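Structures for review follow.
Shared between the two complexes below is chain A, which has chain B as its partner in the first and chain C in the second.
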Partner chain A sequence: MMDLAFYLVAGLMLLSAGLVAYRPKPLESALWLILHFFLTSTLYVFLGADFVAVVQLLVYAGAIVVLFTFVILLLNLNPQEISGGESLRWTSTVLFLCALGAVLFCLHIASPSLLEKMPAAGPSFGSIEAFSRMMIQNYSWSFEIAGLLLLLAVVGVGLLAYRRPSHRKPKDLENKREAA
Partner chain B sequence: MVDVSIAQLLFVSFGIFCIGASGFLIRKNAISLLICLELMLNAVNIAFISFSRFHNNESGAVLYFFVITVAACETAVGLAIILNLFRLKKNIRIQEANALRG
Partner chain C sequence: MEDTTILWLFLLGKIVLFFSVVFGMVAPIMIWVERRVAGLVQDRYGPNRVGPFGLLQSLADGIKLVLKEALIPQGVRNPYYLLAPVLAVVPAALSFAVIPFGPPTTLGGMFETPQRLQIANLNVGLIFVMTVTSLSVYSVALAGWASNNKFSVMGALRASAQMISYELAAGLAIVSVILLSGSVDLVRIVETQAGLWHIFPGFLAFLVFLPAIYAETNRTPFDLPEAEAELVVGYHTEYSGIKFGLFFLSEYSIMTTVSSTAVLLFFGGWNLLPGLSWADIGIDIQNTILGTLMAVSWFAAKVAFFLFLFVWVRWTLPRFRYDQLMGLGWKTLLPLAIFNILIIAGFMVFA
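Up next is the complex of A and B:
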């Protein structure tokens, strides 16, 4: 029964990934991405990693997809600009993916232990306590650096997206104020 | 808990990564490129969590945490760059974003 559920979720994940990658409109891609992230979260629940599943929903489906949707709606592109067609880089794409698959297949042959059933998870696997113990005890410096990276990204985005007020003519602003 | 081998999970991860990579190489829209990048990062995350479960070790979950940190930064900065590109060119086709080609 659970195996059937796993195959259902895996198949739906691949299907929604295909829809995300190949729907012509970016907004549809973003909406299918929500379904994909929900299914990924389901897979994490199947694996017993509960905290990771919650983080997946909060951060990916909650924040990143909203950011994408916001920017897509903000840009307000007209349809012929979006559907610029697909480029003809099919051969290089297929070659690249074949090479990647060959490398993975060699790895797969080299380690037959991958085909065994997974051992039972420990009692505390996936709990927030085990996760935070591991993170604070072994990876505390990396944690700090990740926080610094987020700070730098916030500052960088502010610098990139900031439009200087001198670009606007002061007359337009006054007209707008009067109109308001 | 599901009774599957890690090879099945890695197959799912590899399939999603391939779909994301082919979408990244084929699409021409800058926002679609970023979305395909998210797909690829998500596939890598699935592999991390699978190995974490396989070895019964939380380090994979910690790596997942760092990957989503980097993914959030990358999305924010990438979307800001796309906004600037749109202000400059009035569209977001990547063929026309060739200022660095030289």
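Up next is the complex of A and C:
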């Protein structure tokens, strides 16, 4: 039963991911991306990780794709402008799938245990308490470093987007007054 | 252990009760209240002909909206044009699933263990509410894009920018509540407010939260996405009949959700008064049906106050200018919320 549900959701995920890449209109792709994130969070729910599932939706579907749609609406992209030729797309897809298969095959040969079943999770697995304890106690350094990285990114964006407030020249003002 | 059949029936009862109350009673009554208060504020009558005090006006309007011709303008992007109103209602309905509307109750001895008056018992309830309300922006963006109308697109753009900006402030205000109660389970958050409501230590957080929820529901003074004077009515310009009705319905039900959230987070949920519990005046809200009903009505009364506040503010304050809106969100509310987290976290560590 659970297996069937997993294969169903995984299949739908692949389908929606494909549609993200192959729909001509950017906003349609964004919509399929939202569906994809919903399905991903379904997989997390199957694993019993409720917190990660909800956060996945909050961060990706609730914020990041909203930004995508915002940018798409703002730029008003036309379908022709972004299509880079069908053959190129198909080639890149096939190449990517081959590379992925090769990596998985190498992993399987190098250490077959990676593809075996993981040990069962504890009873408190996936709850917000267990998640935070793991994050703050066991992985506090990587957690802090990730936070620092994000902070640096925010400062960088601020620097890039900052523009000095332009001082109006008195000459322009006079011209305007004359025009009025 | 309880009988599973009874539990399933209880769950079904909760779903039917809650949805019929919110969609069938709160939304129509709120529309009537809105128009009557508007009349009061502007020194005119408002609807007063259909039924006593015009109470059946919303019903009449609803029948009109359903019976109207389902108009689809030329040039709209069709599946998306029809999808947008549906996407507006789905988050509005989903977000009720985790709102507890009363204390855990045994319904006068019907159950052995107290059952929660909450449709889905999720241990991440608060984050779920935030997530689902943030998803409502898609219906607006989609409606604007699919309508093939420049005013609609402008409205959708404004709505997306506004919702993202104010979601941050609201989220950070909620973080301080999570710090105060040490949980994201809404029932647990209410239980931690038994002595002292979170509004007292978290007043600053509430000050950030209130404008943020007004902006998230696109209500005046933040209704720039549908500013009538500039954009016709923004993203739902091209919608009529029941499709417009769905947008309208979702606006009022999201208002109900955020009002309930405000009551649960800051105003003690169903707790009687700060410093005075139901047990102090001799009422057992867990084991007697009357007590449970009183607690639920007290919660409903608090939510009703917040709904009235929405209406009151709408007909009192003028609309912000767009740069004022963005300035308030990013330059005032966001730093204030971060500062507030620092204060509360420092207080909790050192005191």
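We adopt the following convention: the second predicted complex is superposed on the first by the 127 of 180 C-alpha atoms of A that agree within 3 Å, B and C clash if a C-alpha of one lies under 4 Å from a C-alpha of the other, contacts with A are read in each partner's own complex, and residues count from 1 in each chain.
We adopt the following convention: a residue touches a chain if its C-beta (ideal position, glycine included) is under 8 Å from a C-beta of that chain, and two chains touch if they have at least 3 such contacts.
Since the structure is predicted, the reported quantities are computational estimates derived from the model, not experimental observations.
In the superposition on chain A, A:17 contacts chain B only, with no contact to chain C. In the superposition on chain A, A:73 makes contact with chain C only, while chain B stays out of contact range. More residues of chain A lie in touch with B than with the remaining chain of the pair chain B and chain C.
After overlaying the two complexes on the shared chain, residue contacts for A:26 are found with chain B alone; chain C is out of touch.
When the two structures are aligned on the shared chain, A:51 is found in touch with chain B and with chain C. Look at A:125: by the touch rule set out above, it reaches chain B but stays clear of chain C.
By the document's definition of touching, both partners, chain B and chain C, reach A:63. Once chain A of one complex is fitted onto chain A of the other, the partner contacts of A:108 are limited to chain B, with no touch recorded for chain C. With both structures placed on the common chain, the touch criterion links A:35 to neither chain B nor chain C. Counting contacts by the rule stated earlier, residues 51, 55, 63, 67, 74 of chain A appear in both its interface with chain B and its interface with chain C. The part of chain A that touches chain B in the complex is made up of residues 2-3, 5-6, 10, 13-14, 17-18, 20-22, 26, 29-30, 33, 36-37, 40, 43-44, 46-49, 51-52, 55-56, 59-60, 63-64, 67-68, 71-72, 74-75, 77, 81-82, 84-87, 89-90, 92-93, 96-97, 100-101, 104, 108, 114-122, 125-126, 130-131, 133-135, 138-139, 142, 146, 149-150, 152-154, 156-157, 160-161, 163.
Interface residues of chain A, counted against chain C in their complex, comprise 27-28, 31, 34, 50-51, 54-55, 57-58, 61-63, 66-67, 69-70, 73-74, 76, 127-128.
Looking at the complex, you find that chain C touches chain A at residues 80, 122-124, 127-128, 130-131, 134-135, 137-138, 141-142, 144-145, 153, 156-157, 160-161, 163-164, 167, 184. By the touch criterion stated above, chain B contacts chain A in their complex at residues 1-10, 12, 14-23, 25-29, 31-32, 34-36, 38-39, 42, 45-46, 49-50, 52-54, 56, 58-59, 61-62, 64-66, 68-73, 75-77, 79-84, 86-87, 91-93, 95.
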